[in-house]
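Listed next: structures, encoded as C-alpha cells.
Common to both upcoming complexes is subunit A, partnered first by subunit B, then by subunit C.
Coming up: the complex of A and B.
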C-alpha cells in the first residue's frame, strides 16, 4: 500500500532513511528472535525434565506424610505444626536473557525445623520433613524455569510480530512509496525538459 | 537484600507437611477463597507461590495472566490424588505460542 506523502525530494530522502532503519531493525529483531528461540528450547527441555522428577518425588512425599498423619491423631499433628521455628525465604536475583529479565531464586533457610516434641510424634514425621526440605530447592528450580519459559514465550511472540510487521508491511510499503516518488520526480523532470525544449523552439522562431 | 517469602496454596492434606519448614501454608477449598488469597499474596512480599493442581484448575486463566505480568511466581505442583499434568499443559501451551507448533512433545506421542 502506498504511503500518503507528497512526491517531492524531501520526502524521498526521508523515506529512504526510514527504509534503511527499518531494514536494519528487521535484521536485528530476526537475530533476537532466533537467539530467544534457542534459549527457550533448552529451557523447555530442562523444565520438562525437572517437572517430571519433581512430580514423582512430591507424590512420594505426600505418601510419606500421609503415613505420618495416620500414625498421629489430627489434633496433636495440628499442635505440632502450629508454630514452626524455621523460616524459609527466597532471594531473588535477575538474569538477563536477551533483555528479558528472568528471576533466579536462592533458598535461604533459617532455624531448625525439628521444633516439636519428639516424644509425641512418630519418627516418620522427621523423615517426611527432611524429605520435603530436600525437595524445596527443586521446587524453586521448577518455579524459576516456569517463569522463565512463560516470559520468554511472551517475548518471542512479541518479537515475531514485530519482525513480521516489518517484513510484510512496513518495508514493502516504504519500498513501493520510494519507487513511486522516484518515478513521479522523473516524470516531472521529463515534462519540464520537454517544456523547455518546446519554449526554446518558440523563441527561436 | 531482596528477600521474599514462599507460600503454598492448596488442599489441606497435600500441603500441611511443608508448614514446619517455615513456608507459609494456606489451605483453601473453593475458587473464591483461592483467588482472594492469591490477591493477598500478590500485595504482600511473596516471591514464589506454589499451588496444587486441583485448586489451580478452575482459575488457570488468572494464574497465567499473573504469571506473565507480575514479579510473583505462581507455579503449579501436583496434589496428592490424581495426575492431571496441568503444569506440563501450560508448558506445552507456551511452546506452541512461542514456536508455532508443538515440536518438543510430538516425539512422545509417536512412541
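Coming up: the complex of A and C.
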C-alpha cells in the first residue's frame, strides 16, 4: 500500500533512510526472535525434565502422607500442624535473558519444621514433612522456569509480530512508495527534458 | 495372669463387664477385617461395614461422603458408654484426658499463632472437661471452671511460652503434664493393671520418641525435654543410647518386655526406611497387654480392653478406607493393619 506522501526528492531521501533503518531493524529483530526461540526451547526442555521429576517425587510424597493420614484422626492431624515453627520466605532476584527480565526464586527458610508432639503422631509424619520440605526448592525451580517460559513466550510473540509487521507491511510499503516516487520523479525529469527539447526546437526554427 | 489373681474379685464391675461382653460382639474380627481389605474398592469396604451393622450405637450409617464423621461419632459413643459403665470415674478420666489435652493444645496453639483460627473443626467433644470451659480458660484466662491440675499445667505453659515463644514447647510440656495428671489420678486407686498399662504406654512412647529423635538428628538436650517421666525404662539410659547407631539399639532393650518389638521394628526400618512397622508392633503390644480383659469377669480389665480395642478398631477402619481411597493393594494394607481384639 502506498504511503500518503508528497512525491518529491526530499521525501524520497527520507523514505530511503527509513527503509534502510527498517531493514536493519528487521534483521536485528529476526536474530532476536531466533535467539529467543532457542532459549525458549532449552527452557521448555528443562521445564519438562523438572516437571517429570517433581511429579514423580510428589506422587511418592503423597503416598507417604496418605499413610500418615490413614493412621491419624483428621482432627489430631489438624492440631498437629496448625502452629508451625518453621518460617519460609522467597527472595526474588531478576536475570536478563535477551532483554527479558526473568525471576530467580530463592527459598529462605528458618526454624525447624518438626514442631509437634512426638506422641500421638505417626512417625511417618516426620518423614513426610522432611520429604515435602526438601521438595520445596524443586517446586520453586519449576515455578521459576514456568514464569521464565511464559515471559519468553510473550516476548517471542511480540517480536514475531514486529518482524512480520516490518517484513510484510512496512518494508513493502516503503519499497513501493520509494519506487513510486522514483518513477514519478523520473517522469517529471523526462517531461522537463522533452519540454526543454521542444523549446530548443522552437528557438532553432 | 498376675492380674487375674488380684483383681478378678471386684464385684462392683459385674454389671459393667456384662455390658462389655455384649459390646465386644460389635468389635471387628480378623475375618471381617480381611473381607474389608480384599474388597475391590472403598464403596465395597463400606458396604461390608454397614452389612455388619457396625454403626453399633445407633450412630449414622457409614456413608461414602462422611465416613470420617461416622468414625468420630463411634468414638464419642464409646466414651459415653465407658463413662456410664465405669463404677469409678477415674477409669473413664484416664483415657478421656487424652482428648482434654488435644483440646487444650488446639486452643493454646490457636491463641498463640497470632492470626484468627477457627478451632471448631479441630475440637472434640470427648473429655473430662467441657469444651466451653476450656475455651473460657484459655481465651479469657478464667480458670474457675477447669480442674486445678489443668490450671497448673496451663499456667506453667503460659509462663514458659512467654519466656521462650516456641510452638514446640506447647506439645512437649503438655504431653508431660498429661501423664503427670494421669499418674496422680491413679495414685491410691488400687488399680495396678491400669497403672502398669499407663507405664507401658509411657515406655512405648519414650522408645518411639528416642528413635524419632535419632532419625531426625536432634541432640540429647532435645530428647531430655521430650521424654516422658513415669515409665519403667530408665530415661538416662534412653538418652545415652542416642550416640550409638540405631542398628545396635535392640541390644540395649535386651531382657526388657520390648526386646523383640524393638528388634523387629528397627530391622524393618533398616530395610524400608519407615517406622510403620514399629508403630504397628507397638499398637499390637498395647492390645496384647489388655487382651487379658477377655478372661476376667470381675475387674476393670474388660473395660480397659474394650476402650483400647475400640480405638484400634477405628484406626484399622480408617487405615483400610483411606488405603482404599489411595488404591493401595490388599498386601500393602495387610502389612499395616493392627491385630484384632476378638
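The definition used in the following text is that the second predicted complex is superposed on the first by the 202 of 205 C-alpha atoms of A that agree within 3 Å, B and C clash if a C-alpha of one lies under 4 Å from a C-alpha of the other, contacts with A are read in each partner's own complex, and residues count from 1 in each chain.
Here, contacts are C-beta pairs under 8 Å (C-beta built on N, C-alpha and C of every residue); 3 or more make two chains touch, one makes a residue touch a chain.
Keep in mind it's a predicted model, so treat the numbers as computed, not measured.
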Q: Applying the touch criterion given at the start, work out whether A:118 contacts subunit B, subunit C, both or neither, answering first, second, both or neither.
A: second
Q.
Is A:127 touching anything from subunit B or subunit C once the two structures are fitted on A? First, second, both or neither.
A. second
Q.
Let me test your reading of the model: by the given contact rule, A:172 touches which partner, first (subunit B), second (subunit C), both or neither?
A. neither
Q. With the two structures laid over each other on chain A, which partner does A:75 touch: subunit B (first), subunit C (second), both, or neither?
A. second
Q: Scan A:151 for contacts with subunit B and subunit C and give back first, second, both or neither.
A: first
Q. Counting only touches as set out at the top, which of subunit B and subunit C does A:66 meet: first, second, both, neither?
A. both
**Q.** First (subunit B), second (subunit C), both or neither touched by A:47
**A.** first
Q | Per-residue contact with subunit A, leading partner among subunit C and subunit B | A | B
**Q.** Doubly contacted residues of subunit A, that is, touched by subunit B and again by subunit C
**A.** 66, 69, 84-85, 115-116
Q: Note which residues of subunit A are touching subunit C in the complex, please.
A: 63, 66-67, 69-71, 73-76, 78-79, 82-85, 112, 114-120, 122-124, 126-127
Q: Using the touch definition up top, name the residues of subunit A that touch subunit B in the complex.
A: 36-37, 40-41, 44-45, 47-48, 51, 54-55, 58-59, 61-62, 65-66, 68-69, 77, 80-81, 84-93, 103, 105, 108-111, 113, 115-116, 128-129, 132-133, 136, 139-140, 142-144, 146-147, 149-154, 156-157
Q: In the complex, go through subunit B and note every residue touching subunit A.
A: 1-6, 13-14, 16-23, 47-48, 50, 64, 67-68, 71, 73, 75-80, 83, 87-88, 90-91, 94-95, 97-99, 104
Q. Taking the complex as given, what residues does subunit C use to touch subunit A?
A. 68, 71-72, 98, 102, 105-106, 109-110, 112-113, 117, 121-124, 166-168, 170-172, 174-175, 205, 208-209, 211-213, 215-216, 218, 226, 228, 273-276, 278-279, 315, 318-319, 322-323, 325-326, 328, 336
